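Residue numbering begins at 1 within each chain, and the chains themselves are lettered A, B and C in the order written.
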Amino acid sequence: MPCTGRVDIIHLLNAFEDGADGVYVAGCLEGECHFSTGNIKARKKVAYVKKVLEAIGIEPQRVAMYNLSSAQGQRFAEIAKEMVDTITAIGPTPVKDSKAA
Amino acid sequence: MIVADSKPLQEILAMVREYKKILIVGCKGCVTVCNVGGAKEVEVLRASLMIDGKKEGSPPDIDTMVIERQCDNEYVETLRDNIDAYDAVLSMACGVGPQFLSEAYPEQKFFPAVNTSFYGGAVAHGIWEERCAGCGTCIIHYFDGLCPVARCAKSLLHGPCGGSADGICEVSKETVCIWDTIVKKKIAQGRIEDLFVLQEPRDWRTARDGGPRRSIRETLAE
Amino acid sequence: MSDLKSGSNLEKVLKAGHFAFTGECGPPRGANVEHFTEKLSHLKGNVDAVNITDNQTAVARMSSLAASHIAIHEGLEPNFQMVCRDRNRLAMISDILGAHALGIRNMLCLSGDHQTFGNCPEAKNVHDIDSMQLIRMVTQMRDEGVFLDGDDIDLPPKLFVGAASNPFADPFEYRVYRLKNKINAGADFIQTQCIYNMEKFREFMKMVVDMGLHEKCYILAGVTPMKNAGMANYMKKFVPGMEIPDALIKRLKGVEKAAQPEEGIRFALEQVEEFKEMEGVAGVHMMAIEWEHKVPEIAERAGMLPRPSV
């Protein structure tokens, strides 16, 4: 994706529907979006998905938004680890997909 | 246009959780324009119900479709071939949609996925506001095109009431006191005398109070 | 006396040119008549009429019609309040006729606080007609002896009809015109919102007098004595359409807490003194909210006693 602004609610939900334990969106730093507000839009969509998960009874921490610049490789690794730790602590998704591969 | 809002997901789940084969029907009319019941929202609802079903260990079969308008039998008819294949149908149209569907298909069960709110328009991206109460006898010519029936919290015809402060309604800080707007517009145009007219009590028969309404275009009706 | 509209004590007091003094009492939040009559007892003999509020602040209470009847029984003249929020025109007409049958002779027509402020915020509101139209309807019933559809009323209800005016709501420059509209609709008397900003009220009354409205209608200035600085702060912050000058809050805060009630009463008494002299003001409406027992003292110190017998 060229920009997190392209991320839609349905993309995030599809991931959970297919059995993802967690999903995070890594966007540019706020105020530094090349398309001006793509990352802000993504943040709102992540917040929406958190509400959907909550309503269903799934931990909202399974979806998260992070902001970093493309030069922050180290930070990217940290975030990935942070997300993995969060999900590991919560455990696997309760979404059981019998049809999924 | 008719403006609607999504029903809380839990409310929808409570309505349809027991059904195994579900059809979600969106509408390309008003609810698409106000981003609550068009193609995108239909998919989001489908995915949400699937995630829930899988979590509960019994995912339903869900099909989706979006028709031109659920308030028109011509389009409602397009569901006929497959409607019997479902245990329940969720309509994402305004309150009119599920009723047209329900009347066309008496054997099927229909559920609303949105709360139909008002007649209004978008005042900013993602923000809609009420403008019309559909009372059946428009009187906004007295008020420079602004409607106190729909927009005054007390539907006053001789406002503003004592709760108007700084142009804002006492009921909500988000709500403009429409009477303040009307008065200021009249003053600015030097036509304050227009507001010295005592309005007769309204005839609410043309509103919902007279019973469900019907509109006939004689040149078209057979 | 034949040209009296209702023959109520309040009407006679005003017509005779006396400076009127009315009080206010809210019906109980329950069926406890004793509690209500106890509050009323402090007003008896000290006011010309007592406003019996109608589900004020949108909190459901004993009906203003029933409570007005109880007031008559207790020897007070009620000013029966009716809001447009809770009744459609059918209910209004029947309560107006019922009020007259029960001996009620004054009525105050109001829009009503919005129901979301009260204890039934989920309620459907009515607003079939608004306060302006209610004034017209009840005076038409009285003067022309007809219902809205023009049918004759078998014994028209004779009520002295009042309305409210809030000089402190916005837009200020339009307030006097809204008052004028109420007078044109038929209002016999006006009771204003509680006044604290005297400067603004003087300005308002000057417009009233310049337009000659005080000659068409009796205007009673609303006064609610502050019990303390906290009450003043609360009203400033939370009561819509209420204007509390900082100087008043400062004045109340300027004395120790125990002396604040007395300071509040003093300010109210100063207001009454000014109203007595103010052109166009025909009386004072004293709303001592949940402070009814202070009314005898306030009336005495304001020089309002004894009340004229007309």
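Convention: a contact is a pair of C-beta atoms (placed from the backbone, for glycine too) under 8 Å apart; a residue touches a chain by one contact, two chains touch by 3 or more.
Computed from a predicted model, the values in this text were never measured in an experiment.
Undergrad: Between A-B and B-C, which chain pair is linked by more C-beta pairs in contact?
TA: Result of the comparison of A-B and B-C: B-C.
Undergrad: I'd like the most central chain, judged by C-alpha centroids against the all-protein C-alpha centroid.
TA: Most central by this criterion: B.
Undergrad: Between chain A and chain C, tell me the centre distance in angstrom, where each centre is the average of that chain's C-alpha atoms.
TA: 60
Undergrad: So how far apart, in whole Å, are chain A and chain B when each is placed at the average of its C-alpha atoms?
TA: A distance of 33 Å separates the two centres.
Undergrad: Hey, how far is the Cα centre of chain B from the one of chain C, in Å?
TA: 40
Undergrad: Using the touch definition from the top, which residues of chain B touch two or more other chains?
TA: In chain B, nothing touches at least two other chains.
Undergrad: Find every residue in chain C that makes contact with two or more other chains and list them.
TA: none
Undergrad: Tell me, which parts of chain A touch chain B in their complex?
TA: Against chain B, the touching part of chain A is residues 8-10, 13-14, 16-17, 19, 51-53, 55-58, 94-98.
Undergrad: Where on chain B does chain C make contact in their complex?
TA: 153-167, 170-171, 177, 180, 183-184, 187, 192, 195-196, 198-202, 204
Undergrad: Chain B touches which residues of chain C in the complex?
TA: Touch list, chain C to chain B: 84-85, 89, 111-114, 116, 125, 127-133, 136-137, 148, 164, 166, 168-171, 173-174, 177-178, 180-181, 184-185, 193, 240-241.
Undergrad: Which residues of chain B touch chain A once you look at their complex with the stated criterion?
TA: Contact set of chain B toward chain A: 8-10, 13, 40, 43-44, 47-48, 50-52, 54-55, 57, 59.
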